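What follows is a pair of complexes built around chain A, which joins chain B in one and chain C in the other.
For the complex of A and B:
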């Protein structure tokens, strides 16, 4: 089964099996993964589900949309080239694993 | 025994208070009491994705059941608090159970205001606040053909967009002369109204509902105060809310259009806080105490109270922000405008990407953004920094809000 792996700032890793289409944000919230706040519930309104995508994972997910791009500019932990909003990343079909790194703070 | 924190109301604010207390390392019991059955859930999608089938009931849940169990949060769902005994520091539940508190947090929220007019109890006339309201509406939308929305506020317009998408005929009645009169400036209201008109929504401004007519208990018509009769098999009332302050009032707490709290969000009883939609609080940027209805307000006030109970007391001073999704248009608001504030337009209205800056005495008071997330996020920072801005700077789009925020 495909999985999303969350890496905490201290290096702790947790992998959660998911179906294709599951988002990084909803999966984290539903499984109590710390560090994903998701205040707006997935509307790309709050930038509190910010994650850093692992290098290998960057190629398998669709690119950043205009709205996501603008919201990421103001994420609480600094934006990097691999910054994404977890609510905007869904597990693509046929992909085994997405790895995301959780930033030190979201608000 | 270590006495704990009891939270009345399990909406966004109550949930966040419980979660934040544990994040802050609160050692004692935490009890979260909500009138609605089931797990605490988020309300914003109820008027948007949920009605379109894009958001499932499970996705609305703020956290799974295990979250509460793992953190030792006692969740009493489907339980109503009947009374607060301030002398004994206990609350009494409808089931007869009692809970003692060292501190009580009132997060009782608000209830939809329903017009007291004939026919308001007919089937097919409803408000939209709770999950049960939304499930009822979802079911009715499937069979309905003609929707009348009473009130052109956020909820009313969001429902109107969804209903058009589902193929219903939609009429919107609004007592004021334009939509969202209390919440946004005229240019933003005009843009969003126009977008809905293009989708086929019919607006009736300066028009109220006087009666709902029915057949066999089911709504069939809406009679307006202009004497017109509109056909309807579904009516959604989005005419604002009243703070749910009955419990506080009966307990003798100070109540005035909401539960009155101080800058630390304490009520007139220092063992009781109030947060979210039900609380009227002093804001550094407003001459009058405010009562705000938003996720941000509920969440940030919950965090403020949890931090105080953990010994990190600080006045509540967060910048308010709001959003509304109306079809392809995203409205984001930072700050709280007053009717008299100046409105300065920046951006491309025809292209559907602009912001309206609201200025009060040379200070930025609020920014309303249409499809302009960068402006919105910059505005939050500018408002937090309480910047002064001339009218010229506000109108000059070569003067980037984001660069000012970063400076």
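For the complex of A and C:
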């Protein structure tokens, strides 16, 4: 089964099996993964589900949209080239794993 | 039930109810009614208003996330702008669909994004401290007028950049009218419109003019966006108006709902008082438990099935987000309990999807700052009389709330 792997700032890894279409944010919230606050519930309004997308996962997910790009400017821990909003990343069909790194703070 | 209604039942395959969401007696305590609506099924039909209704979290979430099928351009009240004349020129952000919506939303979203509004935090905190000083000096006061209205009328209206004169008289009646329009064109709306026509509408138009705005506020920045070609020149004052209509009454009512919830649940205030860092999380639970917004509409753009119920195009659907926030299917068996330790994010108080409230982060900022300032210095709230409801077709709040507070 495909999985989303969350890497905490201290290096702890947790993989959660998901179906295609599951988002990084909703999966984290449903499974109590720390560090994904998601105040707005997935409306791309709060930038509190900010993650750093692992290098190996960059090519399997669609690029940053215009709305996401704007909102990433509000990420509390600095924006990097691989910054994404967890609510905007859905597990693509046919992909085995997405790895995301959780930032040190969200607000 | 008439025979016509029975024919309709078979046609729509949804349970029919003559429930009226807009009665004063329902607005006094809508939650037992919501429970009945949720138990009717995932979709029901409001025979009085010839609209479908959704009261469960899952179906509401799905509908709000599919703006191509469930649009806003036909209005977010009961009236269908595609077939009826709107009561005012439709909003260019609220009552519009993609791709036009995205263009406007980008400008307003950038203005109200955390990176932009966090600069306001020190000012907002200073004003909250001053307010709490005044309230503690008085001991007892009307929480609606002296706290919940006073704070946003000062800090939010300052942030927009409008003159101080006239705010308390005109701003809240204007928003009241706009939010009544999220329901049916009933007596409540008509009375509110008549009141607004007696001054508020003209006043709002005047303060939204560029020359009446401070040079660095949200209002001035909307005019700058127009200068840069991101908006048409005539759209800047319309969006300043949007900020004023959308951003005051709602925050006032959110604060009202917070105070009444904590006054009625002193054990929950004790938790926040003991740990003021919980304020933001506690505010989220207030938004879930006593949702500021309770219901509004979407309109079908094509033939579609919702939970197996076929719907025709141009069909109005009422989404009861105040009910979604109490749905045990989403929040578990304790859905009806006020619990500030709960993870309440994902509640629908600000809606969701592309039309999710653009001002939700500044609303949270105001709420968090007020609750934090109170948590540090107020040990307890006591209701000194029955809070008086403010009746509105879509938002829930109070007209007056006598309280006394004890200093920590």
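Basically, the second predicted complex is superposed on the first by the 107 of 107 C-alpha atoms of A that agree within 3 Å, B and C clash if a C-alpha of one lies under 4 Å from a C-alpha of the other, contacts with A are read in each partner's own complex, and residues count from 1 in each chain.
Everything below uses one rule, namely that a residue touches a chain if its C-beta (ideal position, glycine included) is under 8 Å from a C-beta of that chain, and two chains touch if they have at least 3 such contacts.
Keep in mind that what you see is a predicted model, and the values were worked out from it rather than measured.
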Exercise. Since both structures carry chain A, what do chain B and chain C do when superposed there: clash or fit?
Worked result: clash
For this session: In the overlay, answer first, second, both or neither for which of chain B and chain C A:76 touches.
Result: second
For this session: Applying the touch criterion given at the start, work out whether A:1 contacts chain B, chain C, both or neither, answering first, second, both or neither.
Result: neither
For this session: Examine A:29 and indicate which partner it touches, taking first as chain B and second as chain C; both and neither are also allowed.
Result: both
Exercise. Given the touch rule stated above, what does A:67 touch, chain B (first), chain C (second), both, or neither?
Worked result: both
Exercise. First (chain B), second (chain C), both or neither: which does A:41 touch?
Worked result: both
For this session: Share the list of chain A residues that count as touching for chain B in one structure and for chain C in the other.
Result: 29, 39-43, 45-47, 67, 70-71, 73-74
For this session: Please name which positions on chain A make contact with chain B in the complex.
Result: 26, 29-32, 39-47, 67, 70-71, 73-74
Exercise. Any idea which chain A residues touch chain C in the complex?
Worked result: 29, 37-43, 45-47, 66-67, 70-71, 73-74, 76, 107
Exercise. What does chain C use to touch chain A in their complex?
Worked result: 65, 102, 105-106, 109-110, 113-116, 280, 284, 343, 345-348, 350-354, 356-358, 360-361, 364
Exercise. What residues on chain B touch chain A, complex-wise?
Worked result: 42, 44-45, 48, 55, 59-64, 66-67, 70, 295-296, 299, 323, 325, 330, 332, 371-374, 377-378, 380-381, 402
